[in-house]
Amino acid sequence: MTTPALRDRWTGLVILLVAIAWIIGSEYVIPSGYSGSAFGPRTFPTGLGILLAILAVVLIAGTFRRRDTLPPPAPSDAVDEPAKVSTRDEMWGAAATFGFLIIYFVAMQVLGFMLATVLLVATFNYFVLGSRSLVTTGAVALGLGVGVWYLMGHLLGVYLPTGMLGLGV
Amino acid sequence: MRVASIKTVMLAASALAVSGHTPARAEFPEKPIEMTVLFGGSAQTIGQVLADQMSKQLGSPVVAVSRPGGGGAIGYSYVKDTAPDGYNIVWNSNSISTVHYQGNLPFGYDAFQPIARIGMEVPVVAVRSQSGWDSLQDMVEKVKATGRPLKVGISGLGSFTHLTAAALFDKLGMKVVYIPYGEGRAPAELLAGRIDVAAQWPSQFVPHVQSGALKVLCQTGAKKTAGPIDTPTCAEAGAEGLDVTMWRGLAAPANTPPEVIAKLEAAAKAATDSEEFKKAAHNLGFTPAFLPASEFGQQIESDDSTIASLMDQLGLKNQ
Amino acid sequence: MEPVLTALSAGTSVDVLIAALFGSAFGLVFGAIPGLTFTMALALVLPITFALQPTAAIAMLLSTYIGGASGGTVAAILIGVPGTPSSAASVADGHALTRAGKASLTIATATIVSTLGGLFSLVIMLFAVNLLAQVALSFGPAEIFALVIFGMSTICGLAERSMVRGMIGGALGLMAMTIGQDPIDGVPRMTFGSVQLLQGIDLLVAMIGLFAIPQVVETLAGHRAGHQMKIDTSSIKVQLPTLRFLFSYRWNILRSSLLGTIVGAIPGTGGPIAAFLAYSQEKRLAKHPETWGKGDMGGVIAPETANNAVTGGAMIPMLGLGIPGDPATAIILGGFLIHGIQPGPLLFTERPDVIYTVYFLFALSYVLVTILQLLGVRLFVQALRVPHQILALIISVMCVVGSFSIRNSFFDVGAMIVIGFFGYVLQKCRIPLTPILLGLVLGPTMEREFRTAMIMSEGSLSIFSQSPTALVFFGFALLIVAFHVVGSIRSRSAGEARPA
């Protein structure tokens, strides 16, 4: 396990590299504008890159000052830190989430909303999340597919992808 | 509780009332047509009114879908990449030329097949009533005497109102600072006195002209258009030969079959001629001016070269 | 008196009530689903209003707007994913309260204070529409830029434990928003030739990715590890706030309403900035600011009151000047114009009956939205009974559908997944996500107004120092930063004094 300070040091370093890449990028990639103003299209991106670089240095410097004596502060963010979950489970959760999203993203373009949703939600629920009941699995998948299709497509008049197969749903 | 259902009922009812016959199967259109709308504000509203009327004519929904951004580049790119079957059309305008020559769209007007011109919009130039400027000539003389640059509010650098204002003040030989406000904010800035002149669409000035706070000096078309505000053309008012107007119309991706175009063109014509459309257009300050596909195509082409040379001359051209 | 009576009789007919009821429900659902917003709901409702008589048309537009402005709260409180950017400020405390088993009380409270905020803004509109329209006009690019800087200073209040981390988040959000077409010169920035990227990162797409995806990962990891989220499901019962409870927050509600109304009237700002400003203001004034962010009801009341007070504020320049401040009011303006009603100064003198009808329908919409939401609370909280891994799956599907439907674009779905991934990694590195959203919300306005001001002044920064309004907001921003810097130094030295 890495200590919080060490992790912060790495975070700061990565952010610093991103900031430097960003500054270089904004100076080379962004064309100059024609408004004739002293503050052109590059001003803000470059300025923000410099700000980020400074903040990253402050973050890194802070990790040396603190000497790991303080207990790691809980993140003050909107999403709470979950109950202790092992790194293994954490990685599994991330893999499952992004795996599902990416496969669903691709499948929806080919199969359309309805088919992709019903098939993938059922598969994912049964094989990955380990739902024990085939009935629940089917009900959730069908309910979600048909429910969202009806709510969005029919009640709200929002368009859902129909897919390349042209099944119309 | 049900938009789609209410819409369907309305559509069915009006389709019966209007046509009295149902189109044979396997005939265009068999499914909803998507009309991509590129801008917000009154352009979007009038586009929705048009879509609504065309739905009634075609007996199949025409749905206005907003795809704003990039000065129109996003919507144009989307429609260009769709199948040329008439189910994806775009509520277009001269922006196809401005956004292309500005360098943000790798293709130009010829990526699309014209369907019909629906109407014209003529930008106008407004000042505060207390500005002490009675006419365009008056303003030119008094401002030139002071030697300071005129602050002109426009919708965005490279936007159509910018092009219009640049053409006008270039002709008048005035020193100008263009201040880009995005859609619709220039009238407020003019009212507040932070700019001297605003070049915008007439409907945006209507309440303030009525209340007497603002006055419109001229409209930029060569021929006087009966818009919501009565005002001389800029050419009459001293900017000789000025002629900048914007058209709005419909287009489909290139290579859309001619019979599909013909069907859409007929529906657009009937929609533009309908009383409901005329009334809504009047209330929104939009001037209906239907033009069939072939003539519309010629206009797009000639306007494109005009815009190209104008932008080149004003230093706005990047492509 | 006569115009009021005309308004009342016009506003109480059956078709008007049905139109308002439809609009309220439609707006609420759009607000509640992340990715769908009232702007979209209004665009969909507009064609329906063409066929209605003017009063019913206005009723439908206003109620859709108000429903949409209120609906975002439920998702924010219940699942921690804001339905609209305006309710993002309510997530921290609102969702923490749900985890503490107080979902229904929180939703009901948020509903009621939203209505109070909205009605308060109506009262201000009644008495001071001309004054506020003038205030709105007095905000030019320099003043709006100063206001946005003041808004950015609330990052300090959102991430008090580490200002550096909060500021890193804010800077990342601001940077992300510069991708796409330059707002002034129109040149592409960091798009590498992609037309899709030209439109930039959509705020809603980013919001869904940032808030929902890390949460889904966390839930699934927790499921794998065998423990459930800490939500006390045994106490899912409908609980409404008492009058005494609400009365104890009266100053919070009043201040937040006033702030929301004023911010709403200023063009180019809107709900999210009002909500964050109200949150940070009330947190500073609270007796126990240390409980904020961990489930303090005040942290829900302040942003929810303010973001609904924005609705009345936003109507002020639209009605009083005929100038819409955002895309939503632009659509409402279009609906008015179609029916031959031209908002502007003359409307108040020539058609007072129309003005009173608008006021009446505004109030009516709030009443209907409140009734629908309070009836719905019973239903909403049932969502918590759904096993959490299934709920996570439903959220994932809704994220994909929501981000697709913003512009019917698969590119946005891909962007949502990528942003979700970055959000997850950043959260693991303890970079808070809410400041990123704040940067995303304020970034475009901040840059556009600054550069517009610079073009106006021909490059001279004196445009800021010559504006008293701008100076006041810069002063506020400095004070807030100073307040938090002093606070954090004090707590750090206190921490170091303790033996380790």
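Here the chain labels run A, B and C in written order, and each chain numbers its own residues starting at 1.
The rule we apply is simple: contacts are C-beta pairs under 8 Å (C-beta built on N, C-alpha and C of every residue); 3 or more make two chains touch, one makes a residue touch a chain.
Bear in mind the structure is a predicted one, so any value in this text is a computation, not a measurement.
Of all chain pairs, the one linked by the largest number of contacting C-beta pairs is A-C.
Central chain assignment: C. Criterion: smallest distance from chain C-alpha mean to the mean of all protein C-alpha atoms. Rounded to whole angstrom units, the spacing between the C-alpha centres of chain A and chain B is 39. Separation between the centroids of chain B and chain C, computed from CA atoms only, is 31 Å.
For this pair, chain A with chain C, the centres built from the Cα atoms lie 22 Å apart. Shown for chain B are the residues in touch with two or more other chains, namely 1, 3, 7, 65, 157, 180. Of all residues in chain C, those touching 2 or more other chains are 26, 40, 44, 184-188, 408, 455, listed in ascending order. Touching of two or more other chains is recorded for residues 33-35, 155-157, 159 of chain A. Residues 4, 7-8, 11, 15, 22, 25-26, 29-35, 37-41, 43-45, 48-49, 51-52, 55-56, 58-59, 62, 69-70, 73-80, 82-83, 85-86, 89-90, 92-94, 96-98, 100-102, 104-105, 108-109, 113, 117, 121, 124-125, 129, 140, 144, 148, 151-152, 155-161 of chain A are the ones that touch chain C when the two sit in their complex.
Across the interface of their complex, chain A is touched by residues 26, 29-30, 36, 40, 44, 80, 88, 91-92, 95-96, 99, 158-162, 164-165, 167-168, 171-172, 174-175, 178, 182, 184-190, 192, 211, 213-225, 227, 229-230, 293, 389-390, 392-394, 396-401, 404-405, 408, 410, 413-414, 417, 420-421, 424, 427, 429-434, 447, 450-451, 454-455, 459, 495-496, 500 of chain C. Against chain B, the residues of chain C that register as touching in their complex are 22, 25-26, 40, 43-48, 50-51, 136-138, 140-141, 180-181, 183-188, 195-196, 198-200, 267-268, 317, 321-324, 327, 330-331, 334-335, 337-340, 342-347, 407-409, 448, 452, 455-456, 458. Contact residues on chain B toward chain C in their complex (touch as defined above): 1, 3, 6-7, 10, 40-42, 44-45, 48-49, 51-52, 64-71, 73-74, 77-78, 102-106, 151, 156-158, 177-182, 184-185, 187-189, 191-192, 194-195, 203-204, 206-208, 210-211, 213, 276, 280, 283-285.
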